[in-house]
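Structures for review follow.
In the two assemblies presented below, chain A is common to both, partnered first by chain B and then by chain C.
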Partner chain A sequence: MIGRRGWVGLGSVAAVLLLWFGLTTATGLVSPGRFPSPADFWLSLNQIASRGYAGGGLAAHAFQSVKLVVMGFLVAIATGVPLGLWMGWDRRAEAAINPIFLIIRPIPPLAWIPLAILWLGLGDGAKIMVIWFAAFVPSVINSFAGVRNIDRPIIEAAQMLGTPRWRMVTEIIAPAAAPMIFTGLRLSLQASWTTLVAAELVGALAGIGFVLNMAQQDIYPGMILVGMVTVGVLGWATTYALGLAERRALAWNVAGRD
Partner chain B sequence: MQPIPLRISEKWAWGALGLCGFIGVWAALSAFGIVPRQFLPSPLDVLGRFVHLLSNPFAGATLPQHLASSFQRYAYGVLLAAFIGVPLGLLMGWFRWLDDVVTPLFDGLRFIAPIAWVPFAALWFGVGIGGPILIIFAGAFPPCLINAYRGARFVEPRLIEAARMLGTGNTRMILEILLPAATPSIVSGLRVSAGLGWQSLVGAELIVAAAGVGFMMVQAQANVATPTVMAGMVAIGLVGMAIDVMLRQGEAWLRRRRGLQA
Partner chain C sequence: MGSIRFDKVDKIFGPASGGVKALDDINLEIADKEFVAIVGPSGCGKTTCLRMVAGFEPPSAGIVSVNGKAVTEPGPDRAVVFQQFALFPWKTVRENIELGLRNKNLPKSERDGLVAGALGLMNLESHAEAFPHQLSGGMQQRVAIARAYVLDPEVLLMDEPFGALDAQTRVVMQEELVRLARVNPRTVLFITHAVEEAVYLADRVAIMTRRPGRIKEVLDIRSVRQAENWDRHERIEDVMDLESFVHLRTQIWKSLREEKGAHGV
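Presenting the complex of A and B:
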């Protein structure tokens, strides 16, 4: 059921849509060269969905972008989580690696884009590298914090029972740190999208950022809006998917279920 | 789980070892030509280029000049975000109807990465100062709004009830009750905003700018001037760190003054 709050919200969204129609189509106060009318938006959406734009259909561009975010993310998890767990477990590792982090961390992931292009060109490799940078730091920091927050008696009980090292990591430390790790991933997902869109705007051959870039060069406001809406929808969808994965992975965790 | 802490001397020794290892591997990779020097200059090359750029122009200006034009845009964008986001957040925290009206719109826009505003920013405001400001604004606005809103929303109800009983009007309620009570939350929001704004600035300058550190880096990338690209990264990191340290100090000072735990 929709409460009062929901109706007001629907009303405000409807009002903005009406205002959009009013300013562009009905009165022409905003020229179509500045912001597209709803009809322009619809035509652009149709064009990219059926005939394609910038070398591919909407689905192909969206797939390309999602693929890169997922790959960058997976590489970041595969490298960042073990490093963070290790730093949490071993003080010497923490002492040795922390200073390197202090140097690299203040550099925003976006600032790696020119270097990534120099090293790896305009293809997928450079994008995965910058997304890796965006997602790596939060996964390290949160897995580190996750290990440090484990209750000492849990570890001691496992040690007392003679748990071998490998099982200690896979069955005690990693699951106990998992809620914090997911928090880190949620934080970095948005950063990954920002980074990917920026990287594709700077130089790419496909993807949603590339669509935005071409639309900007063609001065094609309808397509710019299509690109922006797609970025928003994909950002929302991946956040939602991560939430589902979290709920499934942490079904045992009461705190993660709220 | 807290492993046994290291002694201070041990901690420094491991830290030095880690740093030396990092710089050593970097230097070795470029010195022995494992990675061509053109693509991975040695640490000394980068440092030398950094010093060189302090007084010699690249892409039309020296590094401090690029930094100055970056910083000007950055300050405008973040201040604009703070001046719109904080009051709007406070108002949303007080007037329920405004909250109901704005929240769905804000949630709809939230998932659009700030950088995706680049094409419209360029179309509407050009590549001078206006375009980048819009993108910085888009990056810095959400934390300002959210933190002011949360701060105002979670003010102790007793304070509000007491003020209400004494007949406080809406304006004074917001300015004299909600604003002071929400200040710690607002300040931490501003710190997050400042960081995100700096990120967005870099992105904006990579794509739509005719000056600034990001612009310098893109030009250097086009010329395969890797040391200049890396010197730009160093400059961005240093300024970002300086901004963060200053705001942390300010936040800690404010918390101490309020008698809160820092």
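Presenting the complex of A and C:
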């Protein structure tokens, strides 16, 4: 069922589409060379979906991009979350690691792209590495903050119950920090997409960023828009999937529910 | 067995020199199965006393010991009931109560029996699979008490356990605790700023001064309770009406008021 807010949202989307049609097609105020009309968009979408473009169909390009995002994102979670938890829990670990982290952190993830390509070439490895770096930072920071923000009595209660070290991490620290960890993962996922598209723009042989790059060289506005919309839809879909995982994992957390 | 002893205990927060002296020369002995309440003005350090027995804070000087052994770290022989419950929100009621038993590596069959017993003791059977946020404050504190009792601890440390509850719930919980103490007596250190609660529950009441906290006097309640046979009354309000109760309560009130008056509050 669509609620009141849903109708308002649909209304504004419809208005934007109408404006698009009005400016490009009905009035011709915006020339098709600058911004594609809905018809151009549809034709471009049809072309890439049925006959392919830039060496592959839309599904193949999309799959390539999603694959890299998911892999880089998972590597970032697997490394960033434990590191953040550890730094949050162990003051000595924080003292040792934080200075390095503070130096590396301001380097924009995109600045790693040249080095990554130099090391690993134009294949998947370089992109996964850059996505990893980009997604790593929010994972670490939020996991760290998540541990530091745990109510002290929760930790003390667990200590009082004689909870051994490893169980303390898995059953107390990690779940207590989980709402913050997921906040970090949302930021990480966002960073993953940003970085991936940039990396594919710079050097790739497939993927949505590559489609965008080729379409730019072909001066093909319709296909550029198809690429952009595809990134938007894929980004939304992966964020939605992450949201589902979060709801599942944090079912106990009323405050975390919208 | 569970006796608690404070021996010339000081506590200074912050740097050793120039820090804030919170506790000054605390000496107190609590015998096995005795229920002692500490009352005092807010900020007097009464909670710090409990936290030192729990092993959450070390004393700056002197020794805090349980059964003659100096306390060095938290442990399940000294179960704590916190004012803010401190339940694990991602665990069900059953899982909250069970964690301490799992930490003791008890087999599942034994754990199930003990958890069922604790649930029954606190009338929580129908809420075993609920999460804490689905329960009222009073229910949550029942879970916390069950979680502490199931460990079969030598001493039970209760830090203003009913302070966060509304007045009606509070009374019910106080009566429950008296019932529990009769069925299953424990050494209890109970921190409160509610004088009536202390007199109703405790065998002895220790009154603390303002910061730096010292133990000003210790009143024997048990002898009065037994002489006047308070336990013949089921309800807290009947006990609170007794002349002997009122007398003790007033005595403590006056003592506490001196504390405030001495500092012009």
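Worth pointing out:
One rule holds in what follows: the second predicted complex is superposed on the first by the 233 of 258 C-alpha atoms of A that agree within 3 Å, B and C clash if a C-alpha of one lies under 4 Å from a C-alpha of the other, contacts with A are read in each partner's own complex, and residues count from 1 in each chain.
We adopt the following convention: a contact is a pair of C-beta atoms (placed from the backbone, for glycine too) under 8 Å apart; a residue touches a chain by one contact, two chains touch by 3 or more.
Keep in mind it's a predicted model, so treat the numbers as computed, not measured.
When the shared chain is aligned, no partner comes close enough to touch A:Gln47: not chain B, not chain C. By the touch criterion defined above, A:Trp252 reaches chain C but does not reach chain B. Once chain A of one complex is fitted onto chain A of the other, the partner contacts of A:Asp151 extend to both chain B and chain C.
Contact comparison for chain A: of chain B and chain C, B touches the greater number of residues. Once the two complexes are overlaid on the shared chain, A:Ala215 sits against chain B while remaining clear of chain C.
When the shared chain is aligned, chain B comes close enough to touch A:Leu110, but chain C does not. When the two structures are aligned on the shared chain, A:Thr183 is found in touch with neither chain B nor chain C. When the shared chain is aligned, chain B comes close enough to touch A:Thr194, but chain C does not. Annotation: chain A residues 151, 154 touch chain B in one complex and chain C in the other. Of all the residues in chain A, the ones that touch chain C in their complex are 151, 153-154, 156-164, 167, 171-172, 175-176, 178, 250, 252-254. For chain B in complex with chain A, the residues that touch the partner chain are 1-6, 10-11, 14-19, 21-22, 39, 97, 100-105, 108-109, 111-120, 122-124, 139, 198-200, 202-203, 206-207, 214, 217-218, 220-221, 224, 226, 229-230, 232-234, 236-238, 240-241, 244. By the touch rule above, chain A contacts chain B in their complex via residues 4-5, 8-13, 16, 34-35, 88-92, 95-100, 103-104, 106-115, 117-119, 147-152, 154-155, 190, 193-194, 197-198, 201-202, 209, 212-213, 215-216, 219, 221, 224, 227-229, 231-233, 235-236, 239. Those residues of chain C that touch chain A in the complex are listed here as 54-56, 73-76, 78-80, 82, 84, 86-91, 99-100, 102-104, 131, 133, 147, 151.
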